[in-house]
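As structure tokens, here come the structures.
Here come two complexes built around chain A, the first alongside chain B, the second alongside chain C.
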Partner chain A sequence: MLIIGERINGMFKDIANAIRTGDPTAVQMWAKKQEKNGAGWLDINTGPASDDPVKHMKWLVEVTQEVSDVPLALDSTNYDAIEAGLEICKIPPLINSVPAEWPKMERVFEMAQKYNAGVIGLAMNEKGIPKDAESRVALAMELCACADGYGISMEDLYIDPLLLPVNVGQDHGPEVLETLRQIKTLSDPAPKTTIGLSNISQGTKKRELINRICAVMLIAAGLDTAVGDACDDELMEAIATARLIMNLDIYCDSFVQVYKNRW
Partner chain B sequence: MAFTPLKEKYRNKVAQITLGATADQGGTRTSTVTIGGEEALPFLHFEGTIANKPVVALEVWDIAPTEWNSCFDQYYGDVYNDTAAWAKKCVEEYGAEVICLRFKGADPDLGDKSPEDCVATLKAVLGAVGVPLIVLGCGKYEKDNALFPAIAEAGEGENLLLGVGEQENYKTLTAAALGYKHAIIAQSPIDINIAKQLNILIGEMNFDTSRIVMDPTIASLGYGIEYGYSIMQRARFGALTGDKAMANPMIGNVGFEAWRAKEANASQEDFPGWGDQETRGIMWEATTATALISAGLGIAVLRHPKTVALVKKSIDALMVPSAY
Partner chain C sequence: MGLTGLQIFKLLPKTNCKECGVATCMAFAMALANSKASLDQCPYVSDEAKEQLDAAAAPPIKKVTLGAGDFVRTMGDETELFRHDKKFFNETVIAIMVDDTEDVAAKAESFDKKVYERVGLTFYTDALAIINASGDAGKFKAAVEAAMGKTNRVLVLCSEDADAMAAAVEAAADRKPLICSATAANFDKMVELAVSKGCPLSVKGANLEEAVELATKAAAAGAKEVVIDSGSRQVSQTVADLTQLRRQALKRTKGFGFPAMAVVTAEDPMDQVVEAVSYMSNYAGLIALKADDDALLLPLMAWRQNLYTDPQKPIAVEPGLKEIGDVTPDSPVYTTTNFSLTYYIVEGEVEASKVPSYILSVDTDGISVLTGFAAGKFTGDTIAAAIKETGLEEKVNHKNIVIPGGVAVISGKLEDASGWKAMVGPREASGIPKFVRENFAK
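Moving on, here comes the complex of A and B:
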């Protein structure tokens, strides 16, 4: 599993401040730090404070690309902002994200095809997040069918079964694990999977512990990527270890370093 | 119904390494060889570029090898005591594309030749042949560590392939190769985990890891060839799917291993059911080589001249593009 580094997000004060003042220092510092720690993508989110997501998405993409070659994940519900980012990405990014709702899927998959981008598809629709695995898988299937209709390869579709905080949506955990397993049976090649990892620990104590254990369990169920904290060393160590146990990487004594250096 | 060939898409490719250097590249070789660079599993030309064909080397020692089967006498008997002439014969008469010079005589128990003696032999071989050279020590750490710097310096500009580095003994070799710009062999004891770790350790000395040739230590037909075979397959699959620490061409001491087998050496009188000894030995070596070449071997170090011809023929056949 590779981490989509979550830190360049206007929800954090230093990034919101960077957006406000136009000073890229904090953005570029987090880009380099996440890259150095093994992030596979860098999530780019203008956050709730932005009054002009199109302009700010472009700016964040520009200043991030100045210091890092890691592909980006353009994170917004504003598709004009995503398109503005897609136009200037040097490496095909991920679009984060689209729910299984028709007008939105059409807009996003068309963009993805045009810019050769990957897409994170959420297993939810207008009715919200389903509770059981079967309903999540049904929505995943809709995402697959729609993506296929636009000629998107299943390997460029990242389905997110949606993790809820363990303190409020505890019964969702086993359903998410089951959904991940079933998604891999939907097509051949199978769609990829992703998740908003840090959601599991929203409002809990010992957030890092919960995130790490959750990541390991999800990897065992077949998770390919997760939006998470690439700067949590112990999380990255846990992922590197789980990858070994799943026989995804060839063991060597420096396995943590190899994972972080993206050797 | 239309047929669509299934083509695997890989993210990474094997490092490409050139051995030897011609006059305009600062060396004295008249030919160089390039190995590696594969973008697909061995010879699956339809899935990716197989940039370079595997090459065959012949093994040449700095002393007469007393334990080699007597069937070799008719080919090398007259040159056993003249390393340069031996090498020349391998290239000019037997078609070796690379010479693998093994300083067996440096072994403290087999002559204990000095680094100066070895340098003189190296220079004689460099003068006698124009093909690239693989230069191996005697296998005893202390002695090899005295040899490597002297050989690396004497071969400066020739872009040698020096070996071997092992997990317990790689620093002197790496430093010598780094200083005089040679490629190196990283040898692991039929253990893919050690192979990967060794590449990382060598890389940590600021050695360009794309200049490493991995020796996974193969075994011969009938004596565990399948262990080396499956390790090589796994290493190659890892390389193609993005494991950069495994993305190196591989070398195997095929002749050395095959000619240790009883089946290669035993006389027909002793084992009438096994047929003619020399033919059997050649086939033992050629079968070992071709099996491992199909698992990704880039350099097959051979012994018997007739094996060279057989193995080259099968490589040429495998290099015919199979595009869809």
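Moving on, here comes the complex of A and C:
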């Protein structure tokens, strides 16, 4: 599994400040730091405080690309902002994200096709997040069929079965694990999978412990990527270990270092 | 793996008519993929969809059997791109080519004697490929009959002249020879011949695309066992074609699920073997080549044997007493296990020590010294039994045996059980030359 580093997000004070003042120092510091720690993508989110998401998305993409070649994940519900980012990405990014709803899927998959980008598809629609695995898988199937209609390879589609915090949505955990297993049977090659890892521990005690154990369990169910904290060393160590046990990486004594130094 | 939900969905009419009892075609596709529904529930499904669903249940590459009676060879029925993922199952059939203008009877007779022994295993050349080089139907038939009288191995009949082929097959049908080849030009007659005589058929295209098309047509016309020859006679193109065939077959792309053959065209016999090795390593089910010297065929067969072993099973050497160099009754004796990795490391170091020696390799079912020790297969008792079994006492005039340093603890038990003195050697075989200088220096 590869981590989509979550730190460049306007929800964090230092990034919000950077957006406000136009000083890229904090953004570029986090880009380098996450890259050094083995992030597979860098998530770029202007955050709720931005009054001009299109302009700020472009700026974040530009300053991040100045210091890092790690592919980006453009994270916004504002598709104009995503499109503005797509136009200037040097490496095809991920679009984060689209639910299984028309006409949003049309808009996003059309963009993805045009810019050769990957897409994170959420297993939910206007009715909200389903409870059971079966309904999540049905929504995943809708995403697959729609992406396929736009000629997008299943390997460029990342389905997110949506984790809820363990303190309030405890019964969703096993359903998410089951959904991940079943997604791999939808097509051949199978779509990829992703998850908003930090969601599992919103408002809980011992957040890092919960995130770490959750990641390992999800990897065992076939999870490919997760939006998470690439600077949480223990999380990265746990992921590196789980990858070995899943026979995704060849064992060597310095396996943690090898996982982190993938760039 | 059957068809996936998405593949089935693409085959459905997408009417969302609900007549199948499910709300949408997509939900029905998922129910089918999970075996919770049957296709009969949909009244509007096409024949093509039915056919593809059936095809998904079959193995990805068809099995083809060549020959009849007590000498048969199997092609196809493979499931892997890489041997380390599981294993390769049916060893490449090696066919030696002979022209009908040569003395075929003499060639077949010498061919029949080609049986090789290596590391305790027996190797055969599997097939004789008789080429209609004369272009004459009578000569071709006579050559096939001559070969049949001299060898029971598989026959491959090579002619693109349908009439010459008909005469030859008439004579050899009981032997289930491979008919080589149906092309776009002679297609109908060749396929009819293969179907009526129940023989396997090779189809040859101008390129891979045409070959796949012909194979599909031949199968549709009732040819049950079809082999694909992509028509390429260039090494790099042939390897590319063979790879594409295997890849697409495993992806269950329509028309690719047949075993493949390749023809070696190099002039130089050494080059022929190298070319054959390339095809063998890249999925060829049958390789035809001219080279028939023992010295050329043996390495090819050794490679085939290695390629088709099961990577999950440790490779063992024949247990017993091995002589390294010109041994005398004074030569030292080492013992180790019959795990090939262990044995060959020890053998190499003993050779490097320049002192002729015996190595007693104990049958541990091919596991290493420490693993064998832990499993109770490499102990004082088993080594003592091996000493007895191999008649070691009659071969040397001393009773000293060097044991691996890693299992020094078994020395007492070994001495009690065998009456021999256990000399504890180094832990690592790399220490053997030094150990020899200190203990067995002249």
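Here, the second predicted complex is superposed on the first by the 262 of 263 C-alpha atoms of A that agree within 3 Å, B and C clash if a C-alpha of one lies under 4 Å from a C-alpha of the other, contacts with A are read in each partner's own complex, and residues count from 1 in each chain.
The rule is short, and it goes like this: contacts are C-beta pairs under 8 Å (C-beta built on N, C-alpha and C of every residue); 3 or more make two chains touch, one makes a residue touch a chain.
On a predicted model such as this, the values are computed, not experimentally measured, just so you know.
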item: Room on chain A for both chain B and chain C (clash or fit); value: clash
item: Which superposed partner A:Glu142 touches (first chain B, second chain C, both, neither); value: second
item: Which of chain B and chain C A:Val258 touches, first, second, both or neither; value: first
item: Touched partner set for A:Asn116, first chain B, second chain C, both or neither; value: neither
item: Partner chain in contact with A:Thr21 - chain B first, chain C second, else both or neither; value: neither
item: First (chain B), second (chain C), both or neither touched by A:Ile250; value: first
item: Per-residue touch tally on chain A - higher for chain B or for chain C; value: C
item: Chain B versus chain C as contact partner of A:Leu186, first or second or both or neither; value: second
item: Partner chain(s) touched by A:Asn167 [first = chain B, second = chain C, both, neither]; value: neither
item: Of chain B, residues touching chain A in the complex; value: 192-194, 196-197, 200, 234-235, 238, 243-246
item: Interface residues, chain A side, partner chain C - complex; value: 137-138, 141-142, 144-145, 148, 154, 185-188, 190
item: Of all residues in chain C, those that touch chain A in their complex; value: 1, 4-7, 9-10, 26-27, 29-30, 33-34, 251
item: List of chain A residues in touch with chain B within their complex; value: 249-254, 257-258, 263
